[in-house]
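Worksheet: the structure to be examined is printed underneath.
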Amino acid sequence: MTSSAMPPVSPVSEPQAASGAAPGTGPVGTLLTGQPPVTATTGPMIAIDSVSKWYGDFQVLTNCTTAVTKGEVVVVCGPSGSGKSTLIKCVNALEPFQKGQITVDGTKIADRKTNLPKLRSRVGMVFQHFELFPHLSITDNLSLAQRKVLGRGKDEAEAKGLALLERVGLKAHAHKFPGQLSGGQQQRVAIARALAMNPIVMLFDEPTSALDPEMVGEVLDVMVELAREGMTMMVVTHEMGFARKVAHRVIFMDKGEIVEDAQKEEFFGSPRSERAQTFLSRILSH
Amino acid sequence: MTSSAMPPVSPVSEPQAASGAAPGTGPVGTLLTGQPPVTATTGPMIAIDSVSKWYGDFQVLTNCTTAVTKGEVVVVCGPSGSGKSTLIKCVNALEPFQKGQITVDGTKIADRKTNLPKLRSRVGMVFQHFELFPHLSITDNLSLAQRKVLGRGKDEAEAKGLALLERVGLKAHAHKFPGQLSGGQQQRVAIARALAMNPIVMLFDEPTSALDPEMVGEVLDVMVELAREGMTMMVVTHEMGFARKVAHRVIFMDKGEIVEDAQKEEFFGSPRSERAQTFLSRILSH
Amino acid sequence: MNYNWNWGIFFEASPEGTGTYADMLVSGLLWTILTALCAWVVAFTIGSVVGVLRTLPSRAAQAVGNAYVELFRNIPLLVQMFLWYFVLPEVLPESWGTWLKQLPNAPFYTAVVCLGFFTASRVAEQVRAGIQALPRGQRMAGTALGLTTAQTYRYVLLPNAYRIILPPLTSEFLNNLKNTSVALTIGLLELTARARAMQEFSFQVFEAFTAATVIYIVINLLVVTVAGVIERRVAVPGR
Amino acid sequence: QDLTGTLKKIKETGQITLAYRDSSVPFSYLDNNQKPVGFAMDICYKIVDAVKSELKLDKLEVRLNPVTSATRIPLIANGTVDLECGSTTNNVERQKQVAFTNTHFLTANRFIAKKASGLTKFEDLKGKTVVSTSGTTNIKQINEYNAEKKLGITILPAKDHAEAFLMVETGRAAAFVMDDVLLASLAASSKEPTAYAISTDALSKPEPYGIMLRKDDAPFKKVADAATAAFYKSPDSKVTYDKWFMAPIPPRDINLNLPMSDALKGAFAKPSDSPDPAAY
Amino acid sequence: MFSNFDFGVILNSWRYLFLDGMTFTLTLTALAAVGGVILGTLIAMMRLSGLPVLPQIAKVYVNFMRSLPLVLVIFWFYFLVPYIGQWIIGAERPIQVGAFSSSLITFTLFEAAYFSEIMRAGIQSIPKGQAAAASALGLTYWQSMANVILPQAFRNMLPVLLTQTIVLFQDTSLVYVLSITDFLGAASKIAQRDGRLVEMYLFAAVVYFTICFIASLLVRRLQRRVAIIR
């Protein structure tokens, strides 16, 4: 851990660069979110400031600092066990952390006064294993949180759910149960479920790595669409094709540290750190 | 299922083409198998002849016919649920089938007189989830079948195991238990375990699809090596990079049928069937 | 409460003339332990065989295993005890029945067999569950290496399954230990029977049952501790 | 004067609870309608009447609670039941824990065996296997007898009287050592009542049965003692005795045919709650 | 040898056996199962809560209950419940609870220990991601327990819960030690009074076997029906 004292590359990413890119890539507008395309405002949407976290004696995150501005798409990659999932879960306060500060849309998440359920409902999250609720129909999966958290009525929630299902191309499956869908379809439902809460930012934790190769495409297509519409996204993934296509920035983590935090072109062009180079060469080798 | 009546493309693959390719690709010889490089002989190593199989009413395999000659590397691909695993398990008599005939090195496996344990010990098999025996050390994992099936002595079995471990680069881990190794390391041990039985052919069922992306490479490297040494191999995989690099032939399955059975160049150049085209375009899209 | 406590009762001579009440309880404890251990040997052996039968591909083997389990777990133990002791000798050929009845220590042997068979049905459930909890690939990997079915069970499936089911097996052992108390119905002089006899002789009910309760808790703690040690001993590194 | 203890409780709640046994024929057991009946029950109802008039109650609700040999002491002690109506032997040890009213029966420790076996005296049991009910004074006495005379008898304990008798019936034991009155009723309700014989000699002097109540509750015991004494001395007691011991009784109309013994006649003439067999 | 059997005793007492005895047994089983599952679920949640002290209390409770023979537990509760009741409501003398309430309390508390272990396994068998997904959607702890975790745990464990209920059904036979008229109690009272033990116990065995066997067949069919498609 030679570089543990070294500060991460870009403490706060250049908002002008990101915001310049984001709206421009959103072509026709509002297919998935149903909101007007976002135009970047000032402060970052997510600010991660010197976050450290331990499991007992074991340090999983070491002094992580970065930020995501509105409309920006950030891809996080790195070897297994490097802390990518942990970092993204900290943003959503699904994991507590011991040091540092995370702010989402101006709200400090470690603040005791913060209403965490409320905050979480505004941050959409998509998991590696989909995590649809297997005992509920697709419709109920989409309505549950809308009704319990946002207090929407049954009809309103179902209408919203159905509209999103249609947009991910699964309207016909509304009455089915998760177990009756393929992995790719389940993951698209999971994305719709998160979108149903009108999130201001979406987090993805390896959304395609539990899928059969042929299904990876259909999920990535939905994500690309979402990115083009200007959704703020933080995506843990090994799909370098996706990163090349839509990311604005790439963060590379190793052993709990943010080793590289660079604009996409820079990262793929010539990663500064040796570790990132090795990693890239490995996953692109065969 | 419009084409279910259509016979598979190549009932018996052209042995001359395959055998011509095989020894040529084995460069320096015997790193992994410890045997002299194979020179193709006459009859096919594996002959699958009009095999059909049902689970209850559901037909998993429909009239499958193909053959693998000595030293040939055949990649099997196709959508999920198309029967790839089932086909490969039939070759090893791990699954019974109701119609047709499979011959391995001249022995009919459905014959009541065939000593199946003996036959199976000569066919190496590597599974998607490694299936090392978690309660045995790596050394014992490698020795168990050598001693119980081949009747080798403890010392001989361990020496053989150690030699193979060294060749897959894991000699230092001999005393450890499977749970203490990474996925990639476990899969390399699993390959060594199969090789310890001096198999005449190796079957692989998606050997890399349960691995983290960075570990895929280390397993594929071992497999490429093995192929180069002239091992006869039948590999179910979605790693098209591997197929391009070492396969002689590619079999494409869909809905239990062998839809395409072609030389590698032909398959990647212009797949004859529409289904194979769609499949290829999907898994290569992002 | 209108009750005359007398904790010194344990050191008074019991009317059976074989020592104090404490001696009486200790002898009961020894029978409890002996019965529990012997019954466990029976239960573990039969339970493993029946459990394995239920996981074999053969339909017939499964049917035999299922029949055994259904028969022995669907009748209350109390009733089974009674049937083994009083009814079995009557339905056997007369000479066998007489031999059984004349057997010295018949309540003990009957209790061991009855409890053993009963517990075996529960052990069989655990063994089956343990084997089925293993990834299907484990059996295949064994088979693919050329091991026979028996070898696959012996070297691959059972060693893993037993490790998985160690905690539930511990509870079954504890149940088995507690269930020895049901053998008092056929005259086995185990701990609970002795506590009952003590309270009927002396009328010091609460003292007698308190002693039994404390003893059971202590043996339980011992068993749990030993099971913990075994669990750590056989734990597989890295899991 | 102020009421205390059980009487106070009965007055306040308007309830008295009788404990009965399921199968102590003919003292306390269930008839065909599953109602507890028996000789001891009849006596208990006399006590209930006495309590009712003592407390000048218009109405006294009688509750019935089943007990076993294991539950009777705690239930008396914790106030769940007020009187135990059964066949409980009154002895010194037990008096440390509970009190007894006047003796309602006297019984001796004998054994029963199949007539065919020809066993009639205790010394005939030499080298045989016999059964007795665990926790009884009877098993204690046979143990002592066996040790003293070195007869080499194997003594099996049984959970209850019915199982002990079953062991004789099925041949697991040659004889069953128990209170003679219980042996008589067990034989009478067996499948072949005539196949059994009770021993001619007894291991002990007749021992008294008493109705059990809470210790250290003198006012209540006084009422119970007075009621039972009055009943035993009256001709009523003979009628009631004959009803249970000399006539067919439910549930299967069996006649026990046990005339009142001289000792019991004496005990009824001079009612006593002494636990000492010598007092009768 | 059956020629010597006198099955008339069953004909004479079937109303008592079934109307009194079996009704008691079934009512006790049903109520104790419902109470036990509810209490057991709460104990399981206590045990899995990361809070201080609560998990330890739950653990001690479960281990204590499971280490005693049921006969002893029945015995203790029968005698102590009146005092506990007195203490709780501050009455002047031990309250009269009666055999039924007493055994209901006993079995609810005793079986809760077993049901809690089942529910604990059930809750733990739900992938951690499910709770994370529920939280991520903004559901509170109780909302995600009520809508996501418990419904799944309950459905996964339903067959095991029912199997344990069959065990409970058999266990209730032990109340005979209190001379309570459950099915076996009724059978043994008649058997002892009439000296027909063998016939009665054989009959009881047949009745218990029939009921339990049919119940376990139903459980197995149900198991296939309720299984959540995954």
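Residue numbering begins at 1 within each chain, and the chains themselves are lettered A, B, C, D and E in the order written.
The definition used in the following text is that contacts are C-beta pairs under 8 Å (C-beta built on N, C-alpha and C of every residue); 3 or more make two chains touch, one makes a residue touch a chain.
Given the structure is predicted, the values throughout are model-derived calculations rather than measurements.
Traced through touching neighbours, the fewest hops from subunit D to subunit E number 1.
Of all chains, B has its CA centroid at the greatest distance from the CA centroid of subunit E. Put simply, the chain farthest from subunit A by mean CA position is D.
Mean C-alpha position of subunit B lies 84 Å from that of subunit D. Between subunit A and subunit E the centroid-to-centroid distance comes to 47 Å (mean Cα coordinates, whole Å). Centroids of subunit B and subunit E (each the mean of its C-alpha atoms) stand 53 Å apart.
Measuring from the averaged C-alpha position of subunit C to that of subunit D gives a distance of 37 Å. In subunit E, the residues that touch at least two other chains are 75, 79, 83, 94, 197-198. Listed for subunit D are residues 70, 74, 78-79, 163, 166, each touching two or more other chains.
Remark: the chains found to touch one another pair up as A-B, A-E, B-C, C-D, C-E, D-E. On subunit B, the positions that touch subunit C within their shared complex are 89, 92, 94, 117-123, 125, 127-129, 131-135, 144-145, 148-150, 176-181, 193-194, 197.
Considering their complex, residues 79-80, 182, 209, 212-214, 216-217, 220, 238-239, 241-242, 245, 279, 282-283, 285-286 of subunit A touch subunit B.
Within the complex formed with subunit D, the subunit C residues making contact are 1-4, 6, 15-17, 86, 89-90, 98, 101, 104, 106-107, 184-187, 189, 193, 196-206.
Interface residues of subunit D, counted against subunit C in their complex, comprise 69-70, 73-74, 76-79, 93-94, 96-98, 131, 134-137, 139-140, 143-144, 147, 154, 156-159, 163, 166, 170-172, 214-217. If you check the complex, the residues on subunit C that touch subunit B are 135, 137-138, 140-148, 151, 155-156, 159-160, 163, 236-239.
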